[in-house]
Amino acid sequence: MKNLYDLIIIGTGPAGMAAAVTARNFGLSTLVVDEQRDLGGQIYHSLENARPENTFALGTDYFYGESLIRSFRKSGAEYLPETMVWNLDENHNIGILREGKAYQLKTKHLLIAAGAMERPVPIPGWTLPGVMGAAAADILFKVNDMVPEEPVVLAGSGPLFLLVACRLIDNGVKIAAMVDTTRFGSYLKSLPYFPQALRVASYLGKGLSMRWKIQKGDFPIFQSADNLAIYGADSAEEIHFTSLGRKRKIHAKSFLLHDGVVPNIQFTRLLECEHQWYERQRYWKPVLDDWGNTSVNGVSVAGDCGGIWGAKAAEHAGRLAAIDIVYKQGGLSAEEKILAADPLIKKLGREKLIRPFLDQLFPPSCHALVPSSDETLVCRCEEITAGQIREAVSLGAISPGQVKSYTRCGMGPCQSRMCGLPLAEIIADSRQVPTPTVGHLKIRPPLKPITIGQLADLELLK
Amino acid sequence: MSNQTGLDAIIIGGGLQGCSVAIHLAHQNKRVVLLEKDTCGKHASGATAGGLRCLNRAPEEIPLSLAAKTMWGEIEKLVDSNCGFRPTDQIRIAGTQEDLNLLEARRERVCAMGYNHEELIGAEELRRLVPAIGSNGIGGLICRGDGYADPGLTCQAFQVKALRLGVTIHQQTKVLALEKGSEDWIVSTQNKQFSAPIIVNCAGAWGDEIAAMVGDHVDLKKEALAMMVTSRYRHFIDPVIGHASRKLSFKQMENGTLVIGGALRGILLEKEERTLIDWPQMRESAETVRSVFPFLADLHIVRAWGGIEGMTPDRLPIIDSGKHASGVFHAFGFSAHGYQLVPIVGKVVTDLICSGRSDFDLEAFRIDRFEKEISS
Amino acid sequence: MLKRLHIDQQQKMLKIEFEGKTLEVRAGETVAAAILEAGAEYTRTTAISGAHRAPYCQMGICFECLMEIDGVPNRQACMVEVQEGMKVNRQYGVRGLADEKLV
């Protein structure tokens, strides 16, 4: 490890890898870190270890990442897997933990390509063993060649909801039911964005073929579902919901929830970058210029952690961010920068066309935002319920930080990754004010826990 | 702009001191409005490590501190909640003979003033109280029953009690101007005016700014103080641990987490009103913890944070009536050790307001004591 | 809770210990996946209510997979690869210290 890099990149998804390749093309000393063992972020996770038997189920979109991974391997970027980033600061010091030892490195520029996470879905019983995010099933398949124990219920809405269902079908997993929470009204509301989406008709085609495969499956599909709740003793056993006015319950072994994907903003929040609220999908994302620069000098963002645009967009955004960084460090003139960026800007613009349509078609469901029942757990780590949060608000706590201080919501090891969004929504709902106005939780270091011993032996690379 | 009148007192600052004053004034049937520029407990009050020590207090503060200790022992009477209070002992560990000499000298000084709440203990008693100390401690100075409380629970309890007693609290309401009208003081905020004959300045690290508005000038420095907390562990240590000569302070809370911190330096971003962690300082603290208690090396640190404290030149608080402004009372500048004094400060300030005097000698806490030093 | 899709003879298998029992797992699997496949219904119990928890996200976000691996607690098992002879235990409620190292 060097004591100073031109560029440090966090994340080896498409954005991070593409940025590294571009940066290396211009000779920047580049370090790429990722806490995972395998390359690919989530979308191309473990591609290098993909089993030939899984080629069909993994699909062509997955293997699209193959050439990017090969380019990354050849790029000469220094790559540290299984390396956890525990701290970032405005002076471009990066705290990492690798093989049990903590270091602090320095860089001229930092690129955060930390990707996205599933929106937490706090319904009653969501903490029972056997309940997972749909993306978890996808990761288990890609990394471990495993599937959830059948029968499986999928509940939620969105492209990933459909994709995971198709993967299960392709792998011969018995699906007990699909519980689709998409509202009919969303189809109508998304119509204005449909013409734009037609320009990237291949995405629409994929959506349709997924729906067709699901339609042909031998399991019931419940539409317009609401009032989701999962019950079980020590593990999840059945899901209750209403669909088209009727109360239903389905018995199963595994329950996959999905209600959209949101940017992973732990890093940008720690740096106190400026963020903006994206109302349609109800998430916070960092404020970025066209090159991915945040409000903090020398810190850029590329890919889904800056707003959900998908894998292909992430790749172009990564390259654009790297071009700007190269320019800033004197490797390109202003004219050369524009010349190099132009085709990428066009490609990025094209890839972004599908998103407004999808965002309008699949907004977050009410139950994913504000649990109606007081007993529903919101903070999984500290076991704080929606009722406890509402009580704190009724006693005078008005901000997420204040509720956190009074209830311990958000003080556990996950550091509000799971409860941050619902916490703000519940406060806003109780106070009857728009969600972005209540504020957000401060993210404090370490980003993930480190031990006293590791901190005591912290090595500052100067 | 609308102006709220008919009030007896306006308190500026919704930290623990402000809420404590509010509660005591409300008990005297005063109509009180409290103005907090962020949210109650956002700054020093919410960032304290939670220790409630009489141990090692500046001599001037001891009478207040001992009175506060009694009040903490029955804190439910004041705020309907036990605030997570646990009356454990506080111990300053001596690792060397020099340390012991230091502690002995301290104890003698305190005894000479007529107080015997601080005791010297030897290696055997230390090991009985702190089995984990092993051979890293040869004795200590102890104050039994000092204890600690939970900052979050305390802030909530004080805020809620004030509200229950009829105090009106306006959060996210910053005082922009403070002027004397014909009879009352007029307080201007971004969207409303309030007037009352009595103003109480509990603005913490911003107390000097409020004081300046009424002509009471004091040199207050803002400092960032940091601490860290671990994940939960099964209970293994009772007393709150300090050290005679090393920067070491930690306690295990009721919920099993360890809070580590004790005058650890943070980085202050004054204009943005936030703090950053100074990792070399935290590394030093971790090294100290590990060297005195090696088995703590495996504990996971979950969070590190800082708070903004207002520090006076002599590190003693300001508890006084206004010297250039009648009807104004000050209680700020607690210099990172105000948490324990909270219950008594409310009573003392209320006594000053209602009867013009206090049972305690407040000479050392005058707001103009620095001016006097300059002139003499 | 989980099922392996493809089991072939060429596969490298190895042995780990889970809660004192020996398990045969595939090389390359994560600890969380391996023990869930072996029939463990949960990875930890919570500190406050003792409720059973199992991984929700499988990508290091939810912290439900916190387990004790080779004596080190609080490890995110969904990101640790199985190694020969690894000793894995659930994290039951609050970790103790008094037992092993105080004296």
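Letters A, B and C mark the chains in the order given here, with residues in each chain numbered from 1 onward.
Note that a contact is a pair of C-beta atoms (placed from the backbone, for glycine too) under 8 Å apart; a residue touches a chain by one contact, two chains touch by 3 or more.
Just so it is clear, the model here is predicted, and its values are computed rather than measured.
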Furthest chain, CA centroid comparison against subunit A: B
Pair joined by the larger number of C-beta contacts - A-C, B-C: A-C
Identity of the most central chain, Cα criterion: A
Centroid spacing, where centroids are CA-atom means, of subunit A and subunit B in whole angstrom: 41
Distance between the centres, which are taken as Cα means, of subunit C and subunit A, whole angstrom: 24
Whole-Å separation of chain centres (CA-atom averages), subunit B against subunit C: 44
Contacts with two or more other chains, residues of subunit B listed in rising order: 231, 296, 298-300
For subunit C, residues that touch 2 or more chains besides their own: 74
Junction residues of subunit A - those touching two or more other chains: 412-413, 449
Footprint of subunit A on subunit C - complex, ascending: 1-6, 26, 28-30, 33-34, 37, 41-42, 46, 48-49, 51-64, 66, 74, 79, 81
Residues of subunit A defined as touching subunit C within the complex: 35-37, 42, 49, 51, 53-54, 82, 117-118, 126-133, 135-136, 139-141, 143-150, 171, 234-235, 253-254, 264, 380-383, 412-414, 417-418, 448-449
Footprint of subunit B on subunit A - complex, ascending: 87, 89, 93, 95, 104, 272, 392, 395-399, 401-402, 404-408, 411-413, 415, 444-446, 449-453, 455-456, 458, 460
Touching residues (chain side subunit B, partner subunit C) in the complex: 131-132, 231-234, 236, 256, 294-296, 298-300
Interface residues, subunit C side, partner subunit B - complex: 47, 72-74, 94-98, 100-103
